[in-house]
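Dropping the structures in below, format is structure tokens.
Two complexes, one shared chain (chain A), two partners (chain B, chain C).
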Partner chain A sequence: MLFLQLLLQGIQTGALYALTAAGFALIFGATRIFHFAHGTSFTLAGYAFLFCWNAGIPWWAGALAGIVAATLFGLAMERFVYRPIQRHEGSFFTVFVAAFGVAVVVQNLIGMFAGRGFAAVDTSLSRATEVLPDVFLAPIFWIAIAVAVVLFAALSAFLTRTHAGVALRALAQNPDLLRAYGLSSNRLSMLAFALGSAMAAPAAVLTAMTTGLNEAIGHHVMLISIAATIVGGVGSLRGAALAGLMLGVAESVALQFVDTQWAEAVSFLVLFAFIIFRPSGIFGVAQTR
Partner chain B sequence: MTGPQIARRALLGTALAAPFVRPSFAQGGDPYVIGTLFPMSGPNGEYGKLFTDGAALAIEHARADGTLRRPMRIQAEDTQALPQQGVIGMTKLVNVDKAHYVLVGFTAVSKAVAPVGDRAKTVMVNGGAVGPDLSGLSPYFWNVIPLAHLETQAFLPFLIRRNLKRIALVYVDDPLGDAILGLLRTELPKAGGELAGTFSIPRTAQQFGPIAARVRQTRPDAVYVASFGAQQAQIIKGLRDNGITQPLVGYSALSIDSVRTLPEAEGVIFTSQKFDYTGGSEITRRFATDFKARHGGEPGAYNANYYNAVRLFALLAREIERENGTVNGDSLRATLLRVREFDLVGGKGRFDDLGNISSEIQVNEIRGGRVVPIA
Partner chain C sequence: MIAYAANLATLVAIFCILAATLNFIIGFAGIFSVAHAVFFGLGAYAGAQVALLLVPDALLACIVAAIVAGGLSLCLALPALRVRGEYFVAASLGLQMMATTLFAEAKAFTGGIGGLVAIPRPTLFGIEVGVLPLALVALALILFLTARLQHGAFGRSLQSIRDAESAAEALGKNVAAAKTLAVAFACAGAGIGGALFALHLSFVNVESFTMDQSVLIMAMVIIGGTGTLWGPVIGAIILLALPSGLAFLPFIPATEVGAVQQIIYGLAMTLLMVFRPAGLVGDLSKGRATA
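So, the complex of A and B:
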């Protein structure tokens, strides 16, 4: 029964990791910008939801506020940080340092205004009850899975069945050709940032209900997102989502076999294993030089 | 360059320099530099504010009372509760800021910075960390908080009396967690209890549902939480949300607001120093009244400890000033060992040869978002 319990909890955690990682993968895949501040979008969305919840605003409006906060932050990063850098130099290191700096500043601003320390939404949805002997499940388990499935289905439909979605995929593959066809790569880049950042918001809302938030949570989110993007195959959305789910399950199920302190390390063991044995990731395409 | 341009630049320069200009004081001379090595950001940033609030109030009181001939000023360095950041901060405080006295917190940080302070003969005072091996780290390292072994000595008989004999320990993988593990391993059997299971967690761990599943399997009477900062609240929520109904217990780090106000923390039992803010000494009442006026709430043990740490400096430095001596690590230590007993918040504080304060311990329970002493 312990294995089943750990597996179910891993699926819940993995669903949230998948949502966050898919957002990062979408941005990175389409624009090749290493958006290290993606974790900050997550944090802002979580705190926006928390603020609304504490103010007595209906949950759906709070969730909407979270999506808006994450999206606006993503768009602002694209417009005012990454685009000017890319216009002049555009090196990976400059982009990374700029994003890291913004993440640190926003983290401290959140700490100043929302208070430093733990904050969580108090809801009965996160309280587990015994559904089988020694197996506990909370209503939020089903919500997390439903949200992940619906969002991935919607995103897949958008990317395959709409002009904007197809253009986003084209941006990832050949931006020069895209411009030759008269499409604006800047606009598509903004669309990628808006969609990718918005994807972090549902995970942030659910995290505020389950494990809670603190202003530094974005760094952990980024670690998982980067690991999932590499394991899933750089540029592959479904790869990142599957890898996020896999990392969540691995982190949890590992406790059946190893001591509790190794749970997080298991995620990175999986990452190292992929880097060594399948560097292109689950759905990545191997490239030779 | 025209006149108005010069004026504008001078005005701009003055405005930019304003934050760095030290204010003038009623007291004369260069200020005594009180360095602080607290986590001001990150998941433990909540402690930095608690610690600083207490220290700042003590400086204000010392200034109002004219305790010293020279003013005191705080020079803050953010450690993020990380040892390596602590060493960087301590090195700067000692070599650049020439700190007279440094306030530290967190077991891992304290142990990391102690050799730096020891070499520079700079007094370091801990009011937040409780690892038992902080005792005697250096002749210049003192503790104004009773260390964990004193808390567990008082706590274990209480748990046994409540028939909470099988204890599962969830502890953070750092010197504090290891110290609590060592104490429970040796002291719990002596008190008539047993460790039902031990669960080590990394400092960065966020998911506690799977750990709750492992804890449930040990069928404990109570779960002891030995962590700090935001992670404590995450552990408590994670355990309660995932079917742990047994009492949750711990040590003084649980007294922070983010735990106290957490609905899942209702009924959490923990130890702390004994403070009587209403019926205590005049110093205690003044501290409680002024703290409440300034911050709008009751002070906690950490506020009081760092108030005491700075007050201790003021009392020692006053003695040294009276003798026209120089305030430094050696004179502060010599005066501490000579005087030994001081009027501090909470009553008389007495220090042993290693610079450790002795204090009474009380057992508290969180009830309705309030910390209520129960034993």
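So, the complex of A and C:
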């Protein structure tokens, strides 16, 4: 029954990975900005929630604070870092280094003010009960899956049914044509950052309630998000979400054979295999650049 | 005081080697690696094992370290040949994170978390020597080679690949061979830096080869200026002088010096990219190459 237990655990982790990765894929797909500080949005949201929880603020207000923190951070990055860089040239290298610098600063600020090492909130939701012989599930398992399903449904409805959503997809395909039609790519780019960053917040809150957070978790989140985006195929939200789920399950099921510290290595091996054998990913078309 | 200065100078020389070699792959080959500390670590462990198990000969330790790090650099070269830019960063990030785990777990080779201790003092042809002159010679050699390569046929091929890979390939440049060689050269250099580091401290553990160290080396290259000869050297000196300078400021608690240092160079990286992407020494008239 260990396998089933690990599989279910993997699905829970994978649902959270899927949310985070889809946020990154949304930003990268629409704006072509390699938002390396996406992991920082995640960390900030998680710590905002932790802070509220420890201050005795109700959980829903804490979760809201997390979403607000992530969204504001995403918007600030777009407005004050990426836009000025893109004004002069904006090679991948420049954007990456600038984002990386911010990630390093925030990681250390959190370490200084919130303390280093793992922090988690303990709720009755994360206490596991036996649902099948030898299989334990916490209520949070169902919450994670429900949150992921609802958010993905809402996102796909937004991208296909609303004007702003359709414009966002158009921005991904052809920014010049979009401008020719009189739409503002700046405003759409801010929308992409707000939405994509907000997607990371629920995952961060749920992570704080299960495995806990540390100040350096952003690197791990980043690795998963980029890996999922590449494995899923760049430009495909569905692919990124599916790949995120897959990575979560792979990391968890691998625990049957190896110790926990190797979980990250499993994700890396999956990514490495895809880069070597199928760089365009599951749903990707052949890359032109 | 002289011992303190000599210690600092040795570390500066070693980090100059690391920054100069990383600059070689970032600035000339356009391969953006965040895994340089991995090869630093491989060299350090290899050099330490040579000194512990065989003889503490500095030259032998450096050669073995260069072979180990250069050989295993294929882990880095292989994905670099398949994908560019964004994708490669992800691969090197993963490599760095996996290597940290590997260093902490492969106890037979690395001594695990506790590391390798009591590495004997280095000798050269049987005579005991300090690490500082060795490190300075190695640095001079690497800078000399970099300068020669920069203006030679190999360096020009590399730069043409960095700026326009398809065009270089169409002109008959062997892209795969050039990239593999560049990575092997740079990683072998990092390995030598590692061996010298191990011999200097006579103790190594995984703490020195983490993501944070890779970021520090990267910050040295970027703050100094990528693609320049002296930029990384200046970056290394500035960033290593920083903690010593901060220690004199009374209002920063000793436990937070590391964090304050990282905040300063993180901020410097971001601000430089926004206002002066070529780095401190970089040539402003030339735009940065698009990787």
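Simple rule for what comes next: the second predicted complex is superposed on the first by the 280 of 289 C-alpha atoms of A that agree within 3 Å, B and C clash if a C-alpha of one lies under 4 Å from a C-alpha of the other, contacts with A are read in each partner's own complex, and residues count from 1 in each chain.
One rule holds in what follows: a contact is a pair of C-beta atoms (placed from the backbone, for glycine too) under 8 Å apart; a residue touches a chain by one contact, two chains touch by 3 or more.
These figures come from a predicted structure and were not determined experimentally.
Visitor: Under the superposition described at the top, does placing chain B and chain C together on chain A give a clash or a fit?
Guide: Clash: chain B and chain C overlap once superposed on chain A.
Visitor: Touching A:2, do we find chain B (first), chain C (second), both, or neither?
Guide: First partner only, chain B.
Visitor: Quick one: classify A:108 as touching chain B (first), chain C (second), both or neither.
Guide: both
Visitor: Once the structures are superposed on A, label A:154 by its partner contacts, choosing first (chain B), second (chain C), both or neither.
Guide: Neither partner.
Visitor: Which partner does A:220 contact after superposing on A: first (chain B), second (chain C), both, neither?
Guide: In the superposed model, A:220 contacts both chain B and chain C.
Visitor: Have a look at where A:264 lands relative to chain B and chain C in the superposition and call it first, second, both or neither.
Guide: A:264: touches chain B and chain C.
Visitor: For A:94, using the defined touch cut-off, is the partner it touches chain B, chain C, both, or neither? Pick first, second, both or neither.
Guide: Touch partner of A:94: chain C, not chain B.
Visitor: After superposition on the shared chain, which partner residues are touched by A:132: those of chain B (first), chain C (second), both, or neither?
Guide: neither
Visitor: Kindly classify A:177 by the partners it touches after superposition: chain B alone (first), chain C alone (second), both, or neither?
Guide: In the superposition, A:177 contacts neither chain B nor chain C.
Visitor: Once the structures are lined up on chain A, find the stretch of chain B hitting chain C; candidates are 78-86, 294-302 or 330-338.
Guide: The stretch that clashes with chain C is 78-86.
Visitor: Using the superposition on A, tell me which residues of chain A are in contact with chain B and, in the other complex, with chain C.
Guide: 107-108, 111, 216, 220, 261, 264-265
Visitor: Considering the complex alone, what residue numbers of chain A touch chain C?
Guide: 34, 36, 81, 84-85, 88-89, 91-105, 107-109, 111-112, 216, 219-220, 222-223, 226-227, 230, 261-262, 264-265, 267-268, 271-272, 275-276, 279, 287, 289
Visitor: Can you list the chain C residues touching chain A in their complex?
Guide: Going by the criterion above, the answer is residues 26, 32, 78-79, 82-87, 89-91, 93-95, 97-98, 101-102, 104-105, 211, 215, 218-219, 222, 226, 256, 259-260, 262-263, 265-274, 277, 287-291.
Visitor: Quick one: in the complex, what on chain B touches chain A?
Guide: Within the complex, chain B touches chain A at residues 41-43, 45-46, 48-49, 173, 199-202, 204-214, 216-217, 229-234, 237-238, 240-243, 256-259, 262-263.
Visitor: Help me check something: in the complex, which residues belonging to chain A touch chain B?
Guide: Listed in rising order, the residues of chain A that touch chain B are 2, 5-6, 9-10, 12-13, 107-108, 111, 115-120, 122, 126-130, 134, 136, 138, 210-212, 214-217, 220, 251-252, 255, 259-261, 263-265.
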